[in-house]
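Both complexes shown next keep chain A, but they swap its partner, so chain B is in the first and chain C is in the second.
Our next item is the complex of A and B:
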């Protein structure tokens, strides 16, 4: 009576990992499109390329890049989990445990990457 | 349109079961039941109705629906037949998940919040909790859910070893309730997808050593709308009231399609 819409289906680990996989997959696709375009600039004009790539070196882009790497890392590890669900005969029984492993690996990789990335940014990308 | 029921007040709480000892009062508790209702004769819009009910420890969601239908609002419409988890008539969405109303005890739900009941998703709603099951059974028929054996009929049974029988035991348990198919995000957006239940029932024959039409079924399911639509969300496995490992069965059929074409 107060609500007019139906409720959201309460799926569990499997459903949310799929939602995450699709969102990160589509997200990576669009970023890659942009990235292929800006990288191809180097053939048009190296100066324009430097200017565009220079725009990556600010805090907002740093956050964005961390987000992007986070999406790729999740998509890659979860992609391996899906492959195991597909081809390992016991995969369907252990899909939840494998998802926890994916999340664990994701946290470890992201701590490492974020630390290095922020450090390099603060150092002014010496050597890059 | 909430119409509180007036029943003799029962003081005992549902937790304190001690008071029921010695043939005393049966303890009861209060619930709020919300049902998603739709009646195209009156409105194109679905709406929520709410009732406060006094229920007992052995009552299931189905009993609450019965109480409303029999005592308060006879127009409440839902399917049920056996009331014991055998016929597969009363799959519905209870607190956001597909369940059989006759297998969910009210005491196992959080009764401090309203219990929300909706029709299963992805099939056209006809009235209240009743959906049109025809697309579901259409897919079921297409996988040829019957034994095909081309050898001459023996004079006695067609014997099968316990190991061969075990191979497809899990998928023999299906009661065609549609809880799995209507829990699938792929099916919600693509009603053409065969859906988990059809694949489960194909599995039941594909892996039956006495059956000769496995290849034909694999061909049917190798379709664009067949097994390859499955994204392994496991909603079907979580929803199945018979505890069938639905996703496992689908994956086995996928692998059978692959190894057959290789």
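Our next item is the complex of A and C:
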């Protein structure tokens, strides 16, 4: 049997996935408050909604959107991993491998999302 | 090494788990309402989380990855989506599940880091109020949305989406 040095949890995959889940969760929560408020402007007037939603269509916000979607995709895949750890009989044995799967899927999805989002943005962008 | 060593093992290292040394306050109390609330919360986080993966991934794909992408999102786009009851129901479900899931997550974080009782009460009061306001506001917006707005004289607003001309 191999001896594990130090601790099983602190500083290892289990802890870092937990830290990542917390930070992305808090970020998504605060975006959600803002997002419901900006969408609510459809009840004020079309101009008010279009003016505020227009703020999402510049290069700095595009980077912010990629960051936001990155947080959502990590939180989503790692959340599914947590469900498997809890309910799949072999979940605790393979929790590390599942974290690498989460990271791999995250990279694939984010390459696809970023490429498509930037391409569509540049297509319709009128410049500064 | 004799067999009596294994009997004495707990005193040499850590005891085996569940060896009746757990403080009773950490044991599950089936009669306690707070433990059943936390159990319901634990189940809710997993059920709502799985649903939100589908709801939000489709939301992001439909709004950002097809057509003109982010440039296609404007008042007319929202009006077109909410003309369909399926998208109204989709966004309503997403709103409630996301706010309750996020609110419960924030509650957990407050419980973890706010050590003073008064700080916890304050933060959780602000959290509860914010979640309630956002859920009520969002729900009202979805159900009272009027795509073809008119001014005081009953004239259609210039900025109303094109399909309002045919109504």
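Please note the rule applied: the second predicted complex is superposed on the first by the 114 of 128 C-alpha atoms of A that agree within 3 Å, B and C clash if a C-alpha of one lies under 4 Å from a C-alpha of the other, contacts with A are read in each partner's own complex, and residues count from 1 in each chain.
The rule is simple: contacts are C-beta pairs under 8 Å (C-beta built on N, C-alpha and C of every residue); 3 or more make two chains touch, one makes a residue touch a chain.
All of these numbers come straight from a predicted model, not from anything done at the bench.
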Dominant contact partner of chain A by residue count, chain C or chain B: C
Chain B versus chain C as contact partner of A:33, first or second or both or neither: second
Touching partner for A:7 - first (chain B), second (chain C), both, neither: first
Chain B versus chain C as contact partner of A:15, first or second or both or neither: first
Touched partner set for A:58, first chain B, second chain C, both or neither: neither
Which superposed partner A:91 touches (first chain B, second chain C, both, neither): first
Set of chain A residues, in rising order, touched by both chain B and chain C: 82, 86-87
Residue ranges of chain A in contact with chain B within the complex: 1-4, 6-15, 18, 82, 85-87, 91-93, 95
For the chain B and chain A complex, residues of the former touching the latter: 1-2, 36, 45-50, 93, 95-97, 116, 118, 121, 183, 185, 231-235, 237-238, 245, 247-248, 251, 254-255
Contacting residues of chain A [partner chain C, same complex]: 22, 25-26, 28-29, 32-33, 36-37, 39-40, 42-43, 45-47, 49-50, 53, 56-57, 62, 65, 69, 72, 76, 79-80, 82-83, 86-87, 113, 116-117, 120-121, 123-125
List of chain C residues in touch with chain A within their complex: 46, 49-50, 52-53, 56-57, 60, 64-65, 68-71, 73-76, 78-79, 95, 98-99, 102-103, 105-106, 109, 130, 134, 137-138, 140-141, 144-146, 149, 157, 159-161
